[in-house]
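Heads up, the next two complexes both have chain A, just with different partners, chain B and then chain C.
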Partner chain A sequence: MSRAGRGSEPHAAAPGPALQGAAPGAGKQSASHLLVRAGEYICALPIADVRRVVRALPLHPLPGSAPELKGLAELGGDPLPVLDLALLVRAPQGTNPTYPVTVVAWAGPPEERELVGLAADAALEVAYVPPLPAAGGGFVAGEALVAGRVVRVVDLAMLGAPAAGGGSAGAHGR
Partner chain B sequence: MSEAPGSGRRAFVLWRRGGGLWGIAHEAVKGMARHGPVLDSDRLAPIWDSDRLAPIGGEFELAVGEAVLPADEIVAVTEALQVRPPGAALRRYWPEAACGLAVHQGSPLVLIDPAAPPRALVAAGAESGEPSHDRT
Partner chain C sequence: MPPTYSGRPAAGNGEYAGRPAIDQARGSRPALVALSGWLLLAVLVAVGSALLSLAAASGAARWPRDLFVIGGLGALAAYGAWVYRFFQGLERRLPGEEEKFRRLERGLVQAFAELGAGDVVRSLTCTGLMPERLAGVFRAAAEALSRLALQIQDSSVEVASAADAVNHLASDLAAGSSQQAASVVEITAAMEQLARTAAQIAESASRQADLAARAEASGDAGAAAVDEAVAGVEEVQKRIAAIANRADALGTRSKEIYRVLDLITEIAQETHILSLNAAIEAVAAGADGRRFSVVAEEVRRLAQRSQESVESVRGLLDEFAASIRATIVATEEGGKEASRVLERSRTAATAIGELRRASGDTSRVARQISLATQQQNAASAEVVMTLREVSQVVQRMTGGLRELSATSDRLNALGLTIQLLAQSFHLESPRSLKHLVEEWAALLEPIDPAGRQEALDALVRQTHFVDLAYWVDERGVMSALAVNPEMIGSRPRLELAQLQEVDLRRRPWFRNVERERRTAITSPYRSILTGEHCFTVGACLAAPEGGFGGVLGLDINVTGWTRI
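Take a look at the complex of A and B:
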């Protein structure tokens, strides 16, 4: 069900370190990312890092946590921290999701990656997203056009990295 | 429990507070109170030896180090926890010290650090080291 981008240029100067359109003929490329809705954004998660997608897991909030941490869940007998993807990418709040999901994915740098849950409003499809040039090291690696839509490409390796200044994850602004 | 405390396997006291499930190494608990006199660890030995303490309900307090931790419910004393270290994501977004994460009967829990219990769990204005006595 892979759908490819059209290779068109962005029609607006969207913020972000990069905005890449899929090359013509990219429909023959294999799917590389899972597209999910998070607030008003569509985010692309590297498919190699996604372990499974499940209906939104029941959460146990942790008092005093940052808003990005929605709480702890249980999955397969293991504890799983679940993060709010929309907050991580600074997405404007969208409409109430009808089928929210938890994406279970590997996050963090390769030497200490861990499983986390990413709460998203919907899982959309898998698609080919063209490689992005190296960006500034934020949680959003860049933006790409996929089937005419701007998607925020998420760098899950940055999730566990210490935030500059000790704050929350380093997503770029809206 | 099949083994006495200190014989190798670690036991944990689990309690519920604020809708969440929490755990702590049982040897860190100095005392426990339930609207009455403090029960010290020696008197609690029969409880430690039970494999699972049925939820009793009511208000409890755990004395942990210099802090008093209110509990809505004592859920269990158990050795049957697979403790996982807290990952970077948790450390980044939860500014409290945690010794690990685990699951007990389908509910995830945080094993807290006795030396630095989460502020939200500590009784307001109560850091005396002993639970309050003889409350009615």
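Take a look at the complex of A and C:
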């Protein structure tokens, strides 16, 4: 797993699990999150943590691993652990995805960020998600209302941290 | 003992009818003979004289004439003397000859009187008074008459029997003819009914033939229509096949379109991902990348719209493909249905063809039936006419048979009449009833009156044609009565006591016998006792002191008599 330092972009996600509606004129705000579908949920990934979006990579399952870890993929010659985002956010199983994607993002605490792949059912758009009034301290930092849809804001820094709030972490190694 | 002959001549006055002529001849005939002899001699002399004178006139001598005259006169004298002596002798023999002639006359009168009464037997007893030669001739004539009478009896019986048989046969035939006439009438009615039925069948068959012909014509039209339908269905099937091929081609093309859409979708997805990555990179670029993020967003939107358009096209294409599939399914169903319709149409064509043939056959058969029934009708009409003629013939035959029966009845009566006429002769034959009853009388007369009944019963039982036999004295009182039980049968018996109180002298058979004093036969009548035809033969009985002593009567059953 490759590691990299935390980027210079400010973390736009506001902490707190409370549902935060988009402010008027939010469409004119700069995009802050990548919206993806994971099962029945729409999750918002901080765009600063997202490295790129690729089509679902071929995976090599790892026997005996946690269910959230779908397997290892190869990206640019390096192995990339791929996590099931729907399981991470405990989303109900949705319909069969037509065009699944793998979101390559930095995850983990800032000092231990690792590049991971998040398997999602679809990559929707890059959108502005208003800051959460109070962070929940978990992988799912909170919920926000974007264009009339409820999105679950994911805090990738909490990936691998002990479970807090409604989120789940500990996908690898800890 | 048979009753004695009364000796009364048939004329009833005791004199023969030719006696005056004999007496007249006895006085006038000799003188006439003498006178005629003299006249003959005178004529001879005159003729001789004339001849001699003629000879003298011719110059001959006179003495021959004179000699002839003298000789002739002498001859005349001698002739006169001879004639005189002849008549003198004749006058002396005449009484004896007259007596002989009277006996002969009496015998002949008696014999012919008996013969005229039909009693040939007694007429033969009179031949003793005749010369032997005449008696022989008379006996031969009587025997010939007897044979003739017997032959007439036999013939009359034969005629009566034949007439009776013909009567029975004619009656049977008349009854049979009546039944036959009735049967002919029934057969005629049945044949008329058959003729009417045949006419109805012919009419029905004709109508059926017409209907069958119409059905055949309709079958022709139907066959043509079915042929057209078959052709149309085949064309439809071809067109459905063409539509199916085109639908298959469209399906193939739509699959290609799907592949293109999939490709476009993939490109749109890739573009979408690419736009997202561009947006990510723009965000990473900070303020410098903000304009790029706008472009990335536009690209993403284009990709999204492309994807949405593709989805829309896919939806339309899905509908199109569904329509094509439905079309294919419909064409397949249509093809199958067309095949079924074609098969049914061909089956219908085959059925219509068979129906046409059947209708044609039916029409022909119906016409044949109509023709046959018409012929049958005509034949039945001819049979009816023939039967009517037969009926008329049978009726005429029945009438003829009835006439024949009546004629045979008359012939039977005639035979019986002839039999009775023949029985009016008393013949020396067992077939002569008069002879029979006189024999019975001869047997019964010597018997004591006390034993007469028993003897009469014994005699009656020996016959098969005597219903009753009775002895009636001169006072008309019945003293003995014998009833033939075989002829009476179960009918009520006739008792003597019933008849002894009846005066029988007025009965025809009694009066005839009493008047004629000889055996007599009555005309036939119907017996009160047996109900059958019979006649009575009555024999004259002689009283002990002479004279009429009564009548022995036999009631002869006609049927029984003719049977023997």
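In this text, the second predicted complex is superposed on the first by the 145 of 174 C-alpha atoms of A that agree within 3 Å, B and C clash if a C-alpha of one lies under 4 Å from a C-alpha of the other, contacts with A are read in each partner's own complex, and residues count from 1 in each chain.
Keep this in mind: contacts are C-beta pairs under 8 Å (C-beta built on N, C-alpha and C of every residue); 3 or more make two chains touch, one makes a residue touch a chain.
Since the model is a prediction, treat every value here as computed from it, not as a measurement.
Colleague: Do chain B and chain C fit side by side on chain A after the overlay, or clash?
Modeller: fit
Colleague: With both complexes superposed on chain A, which partner does A:66 reach: first (chain B), second (chain C), both or neither?
Modeller: Touch status of A:66: first partner only.
Colleague: Classify the contacts of A:47 with the two partner chains as first (chain B alone), second (chain C alone), both, or neither.
Modeller: second
Colleague: Touch test for A:83: chain B only (first), chain C only (second), both, or neither?
Modeller: first
Colleague: State whether chain B or chain C is in contact with more residues of chain A in the superposed arrangement.
Modeller: Touched residues of chain A are more numerous for B.
Colleague: Thinking of the overlay built on chain A, is A:55 touched by chain B (first), by chain C (second), by both, or by neither?
Modeller: After superposition on chain A, A:55 lies in contact with chain C alone.
Colleague: Between chain B (first) and chain C (second), which does A:93 come into contact with in this model arrangement: first, second, both, or neither?
Modeller: neither
Colleague: How far apart, in whole Å, are the nearest Cα atoms of chain B and chain C in the superposition?
Modeller: 22
Colleague: Let me check the overlay on chain A: which residues of chain A are in contact with chain B and also with chain C?
Modeller: The overlap between the chain B and chain C interfaces on chain A is empty, containing no residue.
Colleague: Give the list of chain C residues in touch with chain A in this complex.
Modeller: Counting only chain C, the residues touching chain A are 265, 269-270, 272-273, 276-277, 279-280, 283-284, 286, 290, 293, 296-297, 300.
Colleague: Where on chain A does chain B make contact in their complex?
Modeller: Answer in residue numbers: 60-66, 68-69, 72-74, 77-81, 83, 107-108, 112, 114, 116, 159-163, 168-169.
Colleague: Once bound in the complex, which stretches of chain A touch chain C?
Modeller: Where chain A meets chain C, its residues are 7, 9, 30-32, 34, 47-48, 50-55, 99, 101, 123, 125-126.
Colleague: Give the list of chain B residues in touch with chain A in this complex.
Modeller: 18-21, 82, 84, 87-90, 92-96, 101-103, 106-110, 118-121
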